[in-house]
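For clarity, chains are labelled A, B, C and D in written order, and residue numbers in each chain start from 1.
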Amino acid sequence: MKAMLQRRLPLLTTGAIFAALFIAAGLKYEGFFSSNVAVNLFTDNAVLGLTAIGMTLVIFAGGIDLSVGAVAGFTSIFVATLIEQHGVHPALAGAAALAIGGALGAGMGAIIHWFKQPAFLITLAGMFLMRGCAFWLNTESVGINHPLYARAADIYWEFGPVGVPLVAAILAVGLIIGGVIGHTTRFGRNLLALGGNEQSALLMGLPVGASKVGVYAFSGFCAAAAGLVGTLYTGSGNPSTGIGLELDAIAVVVIGGTVLTGGRGHMLGTVFGLLIFGTIQSVLLFDGRLSPWWARILVGVLLLAFILLQRGLVRAVGKGK
Amino acid sequence: MTAPSPLLTLRGIGKRFPGVVALDGVDFTVRAGEIHALLGENGAGKSTLIKVLTGVYEADAGEIILAGNPLRAKAPADAERAGISTVYQEVNLVPSLSVAENIALGRQPGRFGFLNWRAIRRHARAALARLEIECDVDAELGTLSIALQQMVAIARALDLKARLLILDEPTASLDEKEVADLFAVMRRLRAEGLGIVFVTHFLDQVYAVCDRITVLRNGTLVGEYPIRELPRLALVGKMLGREITATPAAATAATAATGTPLLSARGLSRRGALHALDLDIHRGEVVGLGGLLGSGRTETARLLFGIDPRDGGEIRMKDAACGLRSPRDAVQLGLAFCSEDRKSEGILPNLSVRENLIIALQAKQGGWRTISRAEQERLCAHYIAALRIKTANAEVPIRTLSGGNQQKVLLARWLATQPELIILDEPTRGIDIGAKAEIEALIGKLRADGIAVIFISSEIEEVVRNSTRAVVLRERRHCGEIPGAELTAARLMQTMAGGHVPHE
Amino acid sequence: KTLTVGFAQTGAESAWRTANTDSMKNEAEKRGIILKFSDGQGKQENQIRAVRSFITQRVDAIVIAPLVETGWEPVLREAKRAKIPVIITDRTVQVSDESLFVCFIGSDFYTEGKMAADWLAKAVNGTGNIVELQGTPGSAPANERRKAFADGLAAYPGLKIIDSQSGDFRRSGGKEVMEALLKKHGKAIQIVYAHNDDMALGAIQAIEEAGLKPGQDILIVSIDAIKEAVAAVAAGKLAVTVECNPLFGPKVYDTVAKVLAGETVPKVSYNKDELFDSTNAAAALPSRQY
Amino acid sequence: MTDRLRHFLKSPVLWPLAGIFLLLVANLVLKPGFLTITVLDGHLYGLPIDVLNRGAKTLILALGMTLVIATGGVDLSVGSVVAITGAVAAVLIGQGTDSLVLILGGAIAAGGLAGLINGLLVARLGVQPIVATLILMVAGRGVAQVLTDGQVLIIKHEAFGFLGNGFVLGLPFTIVCATLLYLAVHFALRRTAAGLFIEAVGDNPEASRFAGLATARIKILAYVACGLCAGLAGVMEAANIGAADAQRAGENMELDAIFAVVVGGTALTGGRFLLLGSFVGALLLQMLITTMYNLGVPPAVAPVPKALLILTVCLLQSDRTRRWLGGLFKKKAAA
């Protein structure tokens, strides 16, 4: 039991830091403690959150996926173009986009595994490819006027005083599914084993190739889903969606205590990472006085402080066992 | 014994790596219900044969027949599915996962790909209990000692319902009790009709459990023998391809060392690792560190070498305080440390043998005073010859060498720095008989040259044979010291086990 | 009661944008208005997030400088539901329901591009080979200025765009692309149309380094009218720069005050954009603020 | 000799070289005047010279990046550091500093400081490199903007401008500078044991520490070197365009540098590095960009050829393809 606790330490620390951050912000800014702010953390970070789910699993396996932002961007404009300019039904367009995202991911995974190429480079190529294709489809954003979109924007689930919009709900469900895949399926555990030591995973008879291809496909799928949710969020498709998203997603995953070299991590950590990231953004907006450059420096400093704090806490508690 | 039908037949297996022919037309047969020893010097091709069998490598030639059907394993998963369970030479588990997960990985109980965590833990506990291992199944594997990790690896292999079990040097880091437990299990499995392949460098163990022996030398088959027809000396002769010369001389009963010690440690301690240890070492002494597994021997060595920070205590060299705080300081002071975990703490896998060999010397000299290429090559040539390191040349990456030969390169790395004190932590682990004798001879020579040696080994005989004095640790404390004159296996064992309270 | 206004800026991608931000901030300070400022860092998602946060914070009015035209409908609807007036500045938004925002105060990228084209056609009598230095692909000013210029040229078959590459709105980008284009087309290039001044200034460097005289051998047309560019016009290196006035502050807050007081305001109004060429650059130079 | 040839044929540098060659041929076919170099005022002009000139910055960044990647790290902050150092130089000049030594010293030292921060975070505090340098990547641009107050600062300084636009012996100063730096780094690494130490640390940090290497210090020095290189590149960028643009200077340059290093055959996992490979990789990248201008590829789809190039180089470099190609040749020889 103690060993269990020790292994979960980074996770607990992250959770504690989020709680502290949120409470501190609530005390400082009037109106911060509201269900709206909390739900907005999900709504406003749905695109980021969905990519982070796939990214978490990829990082579990010791890989990295830089293409997610571009895939989201491609999906966004792809869906909008299909619906608006070719009259395709949104459901069909969405399904096609998800299929493309998954297929691209699988392709990258296959190259990474069978040709033993660094994930960083191959997914970088994927990023250039998809971004180029996105702009090739259209350099401008396209508004989506399909009635289904208008209806989707109005979907709210009321839980007492809290109204949960569709976008937030999708993210929540996505996170749960991601957690289930990562922690209660063979596939998820194989990924962790793979990230912990690929040679060992192979010798232990795990399906290394299939897992790798699978996880990149999943990540591509998540990124496409993120692009779709982005079109719901804005009611339009934009080829510039998700520029720089990959770095944010990596940051979220790492803040959540998942180790970039693979083999160690937890989806719940990603949830906390996402919440911390969102809270920092909210605080900046509630403050609203910082000049943009100081805000950037502040984000950097906060990120640093956060990582050091996490480290310090884990070490201190680890010693005091 | 009735002659059981062959369970596994390998015929004419060939495998070449760039620059080396690792296997050349090797035949190998295992029957159901036997324990079959696969023996040979370092680099003879044992591990390679196993990896070809389980699909890690693709053979260049030959065929494999398992229970009458041709086996074409493309990956270890295929071999497992065919009923072959393997413990590879290097511990091959995932250090960042829990013990329970490591045992269950790839065959976790559960439905539709979803896992049943409770069953996984229960299952792991049962698997460990069968080997009488006590450890928390939720602990992260990487936090366990190598020996425990090895036991977990074995538990994992035994957990599989297999027809053929392969153990590649499983006992290298185990202590006697654990070895005994393992043997008990092996015998039981044999009785159940399993075929077992067992690789080891401990001849005692071969004669304790095995039924038949296959000997490899330089990638070729020497022969297959029933155990009774091949006495020890003949076996060694077959492995080496020559008669071994005189067994190494036992350490001369040492005159008690006097004068200022070369190194003296006082109150050396680190929470959770070592409790206030005093230790003096003189020039020309070989101090054997005795102790059971986990008694704190490696921790002592790590503290002496400045790898872990110490909480308290002082280290003096030649009676002068020295600010020994890091391995770098230690190397500058003339210390050397050959660590027990060569994979993660020893080799630089992708660098060449030459670079691995000179790195410590170069570190000692600092970055500016480079060792000339000619000098580097001279050093390599010297040590490759002196330690009989088997390698295509000095420029191949060290990871392509067999485990034992990697170990020899690491030894050479430290000898090249011409240390005043050398700490050898399990230097003979995974090393063949011939090389073992050479290392023992080397220790004698070092001693004669006035170099101090700290010698850590799980083989009691080895400690007794080579040490001029033994310091015994128990539960991370100094618990006794045995001067050379009184050093016998029985006495050492008694002190280690704690059956006898030493007078101090 | 002090007013609280939320301002969702696109980012800080250019000197123009910085001047725009400063104008909004300084004017708010002057009038004692609390300005909640958000830097979108060039991403619409961030801008939407900011607007949603302003709604949660119940500010009195929201000002948006939209990065792109589409994608605002859902969040504007939320603002309307919360009864917070929204003022769009700088460029317009496409929405199905015009009542979603109160009014639009704009500078018009399209008009700027058009002005540049018209000036050029007159200056060179409708003939010449043009290379175009585009802004960041997909960004609003790049899109609009490209389209407007092309539309403007349609009436002059003698004016041809012979090549078009992106310099990313960057000075170094403008220089690099210009170098390559000079090598490729050599003396064929008579006119350069740059989507912003930074690229134009980079192109001037490239032209000078190639041993040609900007202003004489090659005519350069650009947009933004940052101080340095106006100086370049005065020095004869740049032929013309179309001003895009960033000083929105006073007009925006006036409008906010009127809206909150219940007065009606015109749905669309433009900031006056000027044009600086050799005739007026030198005179305008001392009074340039950015 | 044949041995050497065989060695060369196996070298990873071969593929980026082949790539450059292919692009050259493509350019020549499509635009025969491509290779023409003319002399103007005693300076060489022509597209090939431009490629070298433009590639110089990426090249310098790639040199530093090679060291960091060899230690098993990566430095995402170089783009921001380029912006910072440009800003520092501009601010110094703006304040009336006239001594080139002071300006350069100040700016490049700022780069070194940034590298030091990265190094300390990675080596002393054990923060993962991507994360540690991500912090400076985000915050660094803010720092540059604070320095310039968000403006594009104009630089008017004759000697400083020479760094970006000057010519030495008919060649652009930038490429002369980059080549000299390459040689200096090469010899500093290979004539001393520094190169070996870096490779050892990247290959197995734990084992290196056990062998008596000052692992942390070596890593820190690698990051500092990378920061200094970024500083130099930043100065060059500012000198080249005569302005410091905090917002856009060095944007995405970290990706270019990493690209150059990896295409050049240095693995992202650390260990063995190939300085020459990074050099060639940087040139290949620039060659590709210039080719796209030359062919008039629409700017929006410009990333696509880049992606295809990465994929091609990666696939060609992989063992699998080589074995397959090798098999093909053998079959032909047999037939």
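As a convention for this text, a contact is a pair of C-beta atoms (placed from the backbone, for glycine too) under 8 Å apart; a residue touches a chain by one contact, two chains touch by 3 or more.
Given the structure is predicted, the values throughout are model-derived calculations rather than measurements.
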item	value
Contacts common to subunit A and subunit B (chain labels)	D
For subunit C paired with subunit D, centre-to-centre distance based on mean C-alpha positions, whole Å	34
Between subunit B and subunit C, centroid-to-centroid distance (C-alpha), Å	71
Overlap residues in subunit C, where contacts from two or more other chains coincide	12, 137-138
Multi-chain contact residues (two or more partners), subunit D	145, 150, 298, 300, 302
Shared interface positions of subunit A, touching two or more other chains	135, 139, 259, 291-293, 295
Chain-level touch network, classified as line, ring, star, complete or other	other
Touching pairs among all chains present in the structure	A-B, A-C, A-D, B-D, C-D
Subunit B - residues contacting subunit A, complex	54, 56, 75-77, 79-81, 86, 88, 92-98, 101, 105-106, 108, 110, 113-115, 117, 136, 138-140, 156
Residues of subunit D touching subunit A in the complex	74, 76, 121, 125-128, 130-131, 134-143, 145-146, 150, 246, 255, 258-259, 262-263, 267-269, 298, 300-304, 306-308, 310-311, 314-315, 317-321
Contact footprint of subunit D on subunit A as seen in their complex	111, 114-118, 120-122, 124-129, 131-133, 135-136, 139, 247, 250-251, 254, 259-261, 291-301, 303-304, 307-308, 311
Contact footprint of subunit D on subunit C as seen in their complex	12-15, 18, 134, 137-138, 163-166, 168-173, 175-177, 179-181, 183-184, 198, 201-202, 205, 209-211, 226, 228
Subunit C-touching residues of subunit A, taken from the complex the two chains share	31, 34, 36-37, 40, 43-44, 47, 135, 139-143, 145, 153, 230, 233-241, 243-244, 281-282, 284-286, 288-293, 295
